[in-house]
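Across the two complexes that follow, chain A remains constant while its partner is chain B and subsequently chain C.
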Partner chain A sequence: MKKRFAHETALLALLFALLAYAKFTEPKFLALDTQRKLLEELWELALISIPMTLIILTGGIDLSVGSAMGLCAVVMGMSFQRGYPPALCALLALVAGLAAGALNGFFITRVKVHPLLVTLATLAAFRGVAEGMSGGASVEGFVETFKLLRDPVPALIFVAFVAIAAWFLNAAPGGVWLRAIGFNETSARFSGLPVDRLKLRLYALSGLAAGVAAVLYAARFNTAKADIGDGKELEAVTAVVLGGTSIFGGRGHVFGTVLGLLLIHETREFVKWHWSNEYIAIVLGVLLILSVLMNRFLGDGES
Partner chain B sequence: MTLVKRIFLQREYGVAALLLLMIAVVTAVDHNFLSRQNFLDILMATVPVAIVACGLTFVIVLGEIDISVGSLLGLTAVVLGLLTSLDHAKQPVVVGVAAVLVLGTFVGLVNGVLVVFGRVPSIIVTLGMLTALKGLMVILMNGENIQNLPDSVRFLGTGTLVGVPIPLLVAAVVIAFSAGLAVYTPLGRRLYAAGSNPHAAELAGLSVRGLKLFAFTYTGFLTAVAALVTAPRLSVIEDSAGKDLELMVVTAVVVGGTSLSGGRGTIAGSLLAAILLGSVSTALIFLKFSAATYWERAIQGGFILAAVLVDHLARRDGETP
Partner chain C sequence: MRLLERVVPVVLLGLAIAGCGSNPPAETSNSSGPAPASTSPASGEKITIALLPKQKGIAYFTSCAKGAEEAAKELGDVELIYDGPTDGKAEKAASMIDQWVLKGVSAIAVSPNDPQVLAPAMKSAKEKGIKVLTWDADGDKAGRDWFVNQATAEQIGNALVDTLAKDIGGKGKVAIITATLTAANQNEWMKYMNIRLKKYPGMTLVATKPSNENQKIAFTATQDLMKAYPDLKGVFAISSAAFPGAAEAIKQSGNNGKVMVTGLSTPNDMKAYVKGGTVKSVILWNTVDLGYLAVQAAHAAVKGDLRTGAKTFKAGRLGEKKIAGDNVLLGDILVFTKDNIDKYDF
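Coming up: the complex of A and B.
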């Protein structure tokens, strides 16, 4: 336990160091209005990072979430073009996400292929289907109804996601099972835990979260295109690992992910603000590797 | 083993059969598919995937993965362009080639060091590297395509030697060397031993760490080689250089029969799968499937899923090769 707090303290220290630096160099960056505005950029990533945390806790990974977002957005846009009511369009996007996630889960639990390979394949496949269906065109001009999904709604959905995940990890039996799978899947199976059922649901949930994120994104920018969510999977994995969840599974918590998300978000926005968009990729890539190295030094305890 | 069983159980045969089937079907529709020019085009398009796959096969045989190769190819292509282009540093071609090879080898080495000594999982290391290198490339390009490559550089991609395009020659050398390394040298045998059971290999006195370091460094080096022969094929170097290469290479290696859990897989399998995957988009055009370009990635992803599904079904009958 002590070691876990060491990691979280380190994250907080980093966050404060960044904000302190920001305070001296870019006072406007810390203004409440600015921060509030910038937060809008966070929610889609935040939503897909929560199921990602649970998946990584089982020792798995889902690299296809970003592409699933693109697929869901295209499904929503194309059904909107056919004149379906807005609520139905959003629902279809969620169903598409759920189906995409379930497909991952099917291959991982029934065909018994490594999650990395399955989701690398669907990373291409989902994006490819989205590109194929839409022919690369975008749909714009959603109706007023979708404006309802702006500002406070994404934050509320995120809080609900975190609350449910935290409850699941701390109070539901499934939370313990999930960690047990991450520590040692074979022994979890021999202990009679419903390993496959749990994993299938987690991947389906990840797809569903991608659907929600796609709907929110489309509502925010009033546009739906196949390339939405490109690279989001990497940012989500970075947030989770930065938050102290072991990439081997078993150790970690959604609260760590929330801290990781905050750090990534502030870093990204500050780099964008202070230097330029172009430096974000380098900073995020280095941050990801450093965060795992940091995990090691703070006693991740991998034997 | 009967031939039918072999086709299902030994992936090299399965991929070869599928490749022949596809060639037969497409040629029946349009016999130009088998023309010399088209054949050459397909091979040339396969060159970067085939070269990088030679290194990545070793990495995956050791139970690791490297998904930074696409970004690395892009970055090395840009560095080559910036050093030699008449609009930029105007260095002689030798300097450009040397710098690119050193850079690729160095990045591969850093990947290896982080995996072996930092004990960071390779998927994370190379994911971070993928992002960082891509960012570095964008910064170096400064929003402009690199033009005006000197003829000496263009020659690497477009020239011929005794009638054979240079990229094909280079690929052939790399493939022959890597396959020979895998089959005939102690190093090659150690790679497979360490991949199938790292613990036993360690106890038998092999340095699994050293082998991993070698595999990552070799992959970085080969990625630079691939950049040298593919980037100069066009007169302009764009920021799309190397895009999605990691996906194509991993697909080729895995469809070609290399197990992601390590220990199994051959260069020949990876190569056949690379040609199969590389000819899909051309085949679709010959089949008059007009929307093909948009569906290409969907088909590539579908290929991996189909390959693992067939593998699973074949194995379920209780027989293991």
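Coming up: the complex of A and C.
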């Protein structure tokens, strides 16, 4: 456990270094109002990163989560266009996300296909369905209708997500179960753990999170269209791995993911603020390599 | 114990952010020292103008940026930020606008890739008292003060017809390859093209075909047209995909010089066809001047020199530029031919 703590301390040190540099070069960047506004950029990615952490803990992965966002956005947009009440539109988006996630879970647990293959397929399929349904057209006009979902609400939803996931990992037996599945699924099965039921629920949860993220996205950008969430799955995996969760499962925690998210977010925004947005990828790449090296030096092994 | 170990870093982090953020006023006062990049409008007389292209790094917008830098240098009191998403994603463009608002720039000039996605960010910038302009393409009207318009639909329609008329000697059968049959820009241009065609009684428009923004479809549509009308003289290929597609079809069927094609494109994309003789004229505007005018207009808007109701405003080396309503007009269509196309590199 000491080792985990070390990884998180190292992440904090990196974050501090960045913020200290920002303090000297761009004092305005650290103003509370600025930080609060910039955080709006983070919530959609943050939301899908929490279920992703749990899934990766079991040794799985969900690559379809970005495409699921597109699918949910289209469902929401098309129902909005038909004149359904806004709350119902949002609900339908969540249901679509849940169904998409459950479909992943079904193939993984019942048909026994590797999560990487299943979600790689649905990565293409969900996006395809979204584009096919909408014909590539976008639906507008959410900003006024979904005013309720502005500023503090996404942050509160995220805190709730983290709290539930942390409770599940720490207090409930689920945490032990998830890690057991991640370390050795076969032995977890022989120990009588409800492996399939847990996994199915996790993938469904991931889809649900994509639905929530899609609704928030539409409320923020006024637009629902099929290409929403493009590439978000890899950003989420990056945040989780940077946060110290082993990509092979078993090791890790949502708190690490929260730190990983913050580090990625602050880096991205600061690079954009101080230099120019085309350097973001370089700096993030360096950051990832640093975190891998850190893991080696701190002896936290194999990721 | 385990919970504690995990909670502590998060709490520390929260404190760190709060701590760093709680004393910004004290910090901003010495910002002029170590931070030359300070963009506060209060520091000196500098006017910070942020220019956002649809996509950073493509030739069209890079040439616009060249003109923008030129204008900034000439004006002297302008600090220019030229930045945009390298992948053209409108969400990223919106977050850049948000950052510029937080930095406190004086004016933002946007070429919106998706007007709806950018609308909330532009609107909140305008509400904060920042001058917001659009250039190259218009956005949501509620979110901007001015549109720097490179060419009106009427100008483009007229230029297309006049150019092709010149290329084919003013008579013969002509056809249009458009984007999609519902494309708003193209339909607007075609409206004015039909009016302008009346000036050339020798020219008859025989067909209008869609290309769905697909070069291959434009290619086959042009082939079909040449089969259906063996005496076809000219083609208007009025989308960026239709133009090279139509040119390629004419070239491959050996109709170089017999059937002329014209349309809107950047000189670099069409250079080979112009030199090979398939295309006599390519229509566009001077993109360097467009970037130049965008910065001049943004500067004038901040200074209060760009007034509603005014008929013209003075735009540096471009002289007096016309204003129509809330549009600032660049005004000149540029025709690239084999004589001048080598002078332009974008």
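Descriptive notes on the structure:
Everything that follows uses one rule, which is that the second predicted complex is superposed on the first by the 288 of 303 C-alpha atoms of A that agree within 3 Å, B and C clash if a C-alpha of one lies under 4 Å from a C-alpha of the other, contacts with A are read in each partner's own complex, and residues count from 1 in each chain.
The definition used in the following text is that contacts are C-beta pairs under 8 Å (C-beta built on N, C-alpha and C of every residue); 3 or more make two chains touch, one makes a residue touch a chain.
All of these numbers come straight from a predicted model, not from anything done at the bench.
Once chain A of one complex is fitted onto chain A of the other, the partner contacts of A:Leu293 are limited to chain B, with no touch recorded for chain C. With both structures placed on the common chain, the touch criterion links A:Ala10 to neither chain B nor chain C. Contacts of A:Asp33 after superposition on the shared chain: chain C is touched, whereas chain B is not.
When the two structures are aligned on the shared chain, A:Phe248 is found in touch with chain B, with no touch to chain C.
Touch criterion not met for A:Ala102: it reaches neither chain B nor chain C. In the superposition on chain A, A:Ala155 makes contact with neither chain B nor chain C. In the superposed model, A:Ile164 lies in contact with neither chain B nor chain C. Within the superposed three-chain model, A:Glu278 lies in touch with chain B and with chain C [touch as defined at top].
Touching of chain A by both chain B and chain C, each in its own complex, is seen for residues 278. Residue ranges on chain A touching chain B, taken from their complex, read 61, 107, 111-114, 116-118, 120-129, 131-132, 135-136, 231, 234, 237-238, 241, 247-248, 278-289, 292-293, 296, 302.
Chain contact summary for the complex, chain A toward chain C: residues 1, 4-5, 8-9, 11-12, 15-16, 19, 22-28, 30-35, 37-38, 40-41, 138, 140, 143, 166, 170, 220-223, 230, 253, 255, 258-259, 262, 269, 272-274, 276-278. Put simply, chain C touches chain A in their complex at residues 1-3, 5-7, 9-10, 12-13, 16-18, 20-22, 24, 27-28, 30-31, 34-35, 37, 40, 56-57, 83-86, 89-92, 94-96, 98-99, 102-104, 114, 116-117, 119-120.
Contact residues on chain B toward chain A in their complex (touch as defined above): 65, 67, 114, 118-121, 123-125, 127-136, 138-139, 244, 247, 250-251, 254, 260-261, 291, 294-302, 304-305, 308-309, 312.
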